């Protein structure tokens, strides 16, 4: 493979992944008066970041797990970055989609005449830096640190408009994410440290034999609900609240980076802190399957009632995230594989949907589903992409969503959790209910305001076409992702 | 030659500089002098810590009268650490002071301010360094009297009543401590801490011991402002000039150190916390203090008073750490002494910079300040994040220790209350953030400029330390753990 | 030596201390508070001196025929404390003067009333 030829020290690449966007941020701020140069910096950084992550694939395939210890935060506890398959997958996903989102954002922010664009790009870069930190974290403490940083760096993006409405929703966002992470997650981490004396991620877990079933159950609950970014009900309210942000933020952060950081953390905790064997032995994971299933169904039902497109997509995201939580909760190889794959599949699909929602808003100034009759004739490319992404969310071929759902159902069948299988199928049906009518209305009805062809800004259309194509490519070539995920060593 | 006399120089240099300052009269010269003295004090403190780490405790016999008859100065890891906190905050405050007091203290009183500051510094350093109980009282009064006068320098007339109230309560506390020391002297016939610790052990059953502990306990908790004996604090912090408020933040910490000294070194933790059940008393009081003061902070309209209540809550944290009576808890307290000193100084100074420009600490007057004073407000937010206990700031380190200590004991409720308090901190910090960034300034007021460099510099030095010591804790948590082990070993 | 006369001084000290303490917390007039503070501190001086007294001892001067001396150290200590007490009262009175200038009164309730109006 070509990337293997790169003679970059892998542990340096780990640091570069964090520092590159971090240093890009002040540069972007300095170039505030020269928008073209400023956006060039964003795009260049995104490109370099993606290449940097790509360069790490080679060492990983060679069986290397380079680690980088930065500083000793507490005696015996360090800030560590470590290369790990799932983490690299997440890092690749976030940096790759950052480029596309930046393309989209340039079209969107200028088309929408947003104010304070410099601040927007600065905090975007900082948030990406935090995401890379979450992805490459080498222990729970590091994960927690970047998880919290992600909350704080996205807060200015969520409240970008600084209206009273943004302020109110910013409170919900911050309150719920900080509340869960301080109250449950930090407690869980300190408890883990106290029980085991380590916070490292180790295959097979670190908790085996350290605590009895009840305490483990409590611990799992603290993790599951403490990682509020996974939006497990009843701690999901922040996600619809975050939709007050400009659409690129909703697209990358609240469909990909932030929420995926949550489910990614849950997968990491289940696989590397608890260990699948421990969960199966003690059977403390069954309740989580039902909580995730419940979240799926309820969120899908709520999505059916939402008229605002972004709100509908947000509730859809809540439901889809629970697929991944369920994959973790099934605690077998197929479940984890399906969960890991769904991180990518859902990311591509949901970012496309949000791109489309934003494009419709910028071009036709429409935000409600009920206004969108006939827009397919005005914006055929956008709505075509919307359709492909919807199919992927539903989980039908020929889109990437089909694979992840397939593996999840296999996982349910293998562990005998037939209820989980039933819930997955029901959730797919519900997602047909809340997505397909939009497409049908768009294409099979005449346009309301008989305008002609009126597509979104070119850059935005390119972005959403790329991600929609990604959904299709993922169906045809899931191989590389499976190879990567197989390195996790759980199947 | 000089090296052997460092302990006394630590105290005597500021003490001597105080009258000199009064003679110099010119505020600029006084400032140069007190800045120089603060830096010297810091250097000496660092040298002392270095020696205490490499050679063990330093004992210095004052006037060559050998202890236990003469007064002994004794420096170990614990109080060397404390000396550094005092001198470091003093130095930072002096850099910040000229611009700040130009607005908050009458020009005719600037010389007085520097003189009082030097007395104050020498008092606090003396309390910390001495190994003699009566000497503690003497330095206590030197620092306390200068604090009363410093508070009264505030230009609001309520500063006067706040100073008077603090004087009355502070004197009660000091006198209680004096009685406690007297009773201990009656039992042991010695004033030297190390000597006293040995002689006291066989007499712990007596009623005199009980009375002594009671008087000391009340006196010290009054001085260190533990709930419900904190009532003097909010007014004093609010109406004192900002620089004085920052300095007073160190005072309560010194008293927490003295409490540690008495409880662990002299009386022994077993007797104080277990036999006398002080643990059962201090844990609930600390928790109520944390919760009540944090809640009170949420409802303040005056940001300075809000921070004052937050300080009361943080004192609750520190006393909670002590009353775990475990090495982890004690390490948490000691590291938080340092961490909170940084946080509190940074926050009050940032507010002081806003006071200079806006002229009012009321929340309503700070509307839109985030756009007018972006750097100062950014510093305030970072300091606030530290107070909340966000990772990569010093606040997180302290919080980690406190939660770990609670879980080690199996006190789940206490652990969750600690976490709840940090969420309350989110609320009161975020009230300021929202006002500063989301609201528009009053159109009738003239827009204000960013604070001058002489204020920005010390503020950002503090903010950088907050971040640095939140990432690399070798010199804070590492030292605190050694200090805690030292106290637990009962080493004098 | 029966117990009561031996401890008489301590009883007196406690009565005096409580008198001063009561004046400090109950009086409305700031001057009277300071008087209370002085009485309170005075009680502590007596307490130290009493503690230093050795029964049938003389002043600690080396002299033929005396072998029983009172302990001089508490006296020395209390000299310091007296100085501190004087300084405290001085600062308190200075503050009261400035309060009188600023508020026109030294009654605590009137001061609080004025602050509330503002």
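Order of writing sets the chain letters: A, B and C. Residues in each chain are counted from 1.
The criterion applied here is as follows: a contact is a pair of C-beta atoms (placed from the backbone, for glycine too) under 8 Å apart; a residue touches a chain by one contact, two chains touch by 3 or more.
This structure is a prediction, so every number in the text was calculated from the model and none was measured.
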| item | value |
| --- | --- |
| Starting at subunit A, fewest touch steps before arriving at subunit C | 2 |
| Centre-most chain, if every chain is reduced to its averaged C-alpha atoms | B |
| Rounded Å distance between subunit A and subunit C, as computed from the means of their C-alpha atoms | 70 |
| Gap in Å, rounded to a whole number, between the CA centres of subunit C and subunit B | 28 |
| Between subunit B and subunit A, distance of the C-alpha-averaged centres to the nearest whole Å | 44 |
| Residue numbers on subunit B that touch subunit C, as the complex places them | 134, 137-138, 141, 145, 148-149, 152, 157-158, 160-161, 163-164, 167-168, 171-172, 175, 178-179, 182, 185-186 |
| Interfacial residue positions of subunit A with respect to subunit B in the complex | 70-75, 79, 141, 144-145, 148-149, 152, 159, 162, 164, 166-167, 171, 174-175, 178-179, 182-183, 186-187, 190-191, 193-194 |
| Touching residues on subunit B, where the partner in the complex is subunit A | 385, 389-392, 397, 399-400, 403-404, 407-408, 415-416, 419-420, 422-423, 426, 430, 434, 437-438, 470-474, 477-478, 481 |
| Complex contact set, residues of subunit C against subunit B | 21, 24, 30, 33, 37, 40-41, 44, 47-48, 51, 74, 77, 80-81, 84, 87-88, 91-92, 95-96, 98-99, 102-103, 111, 115 |
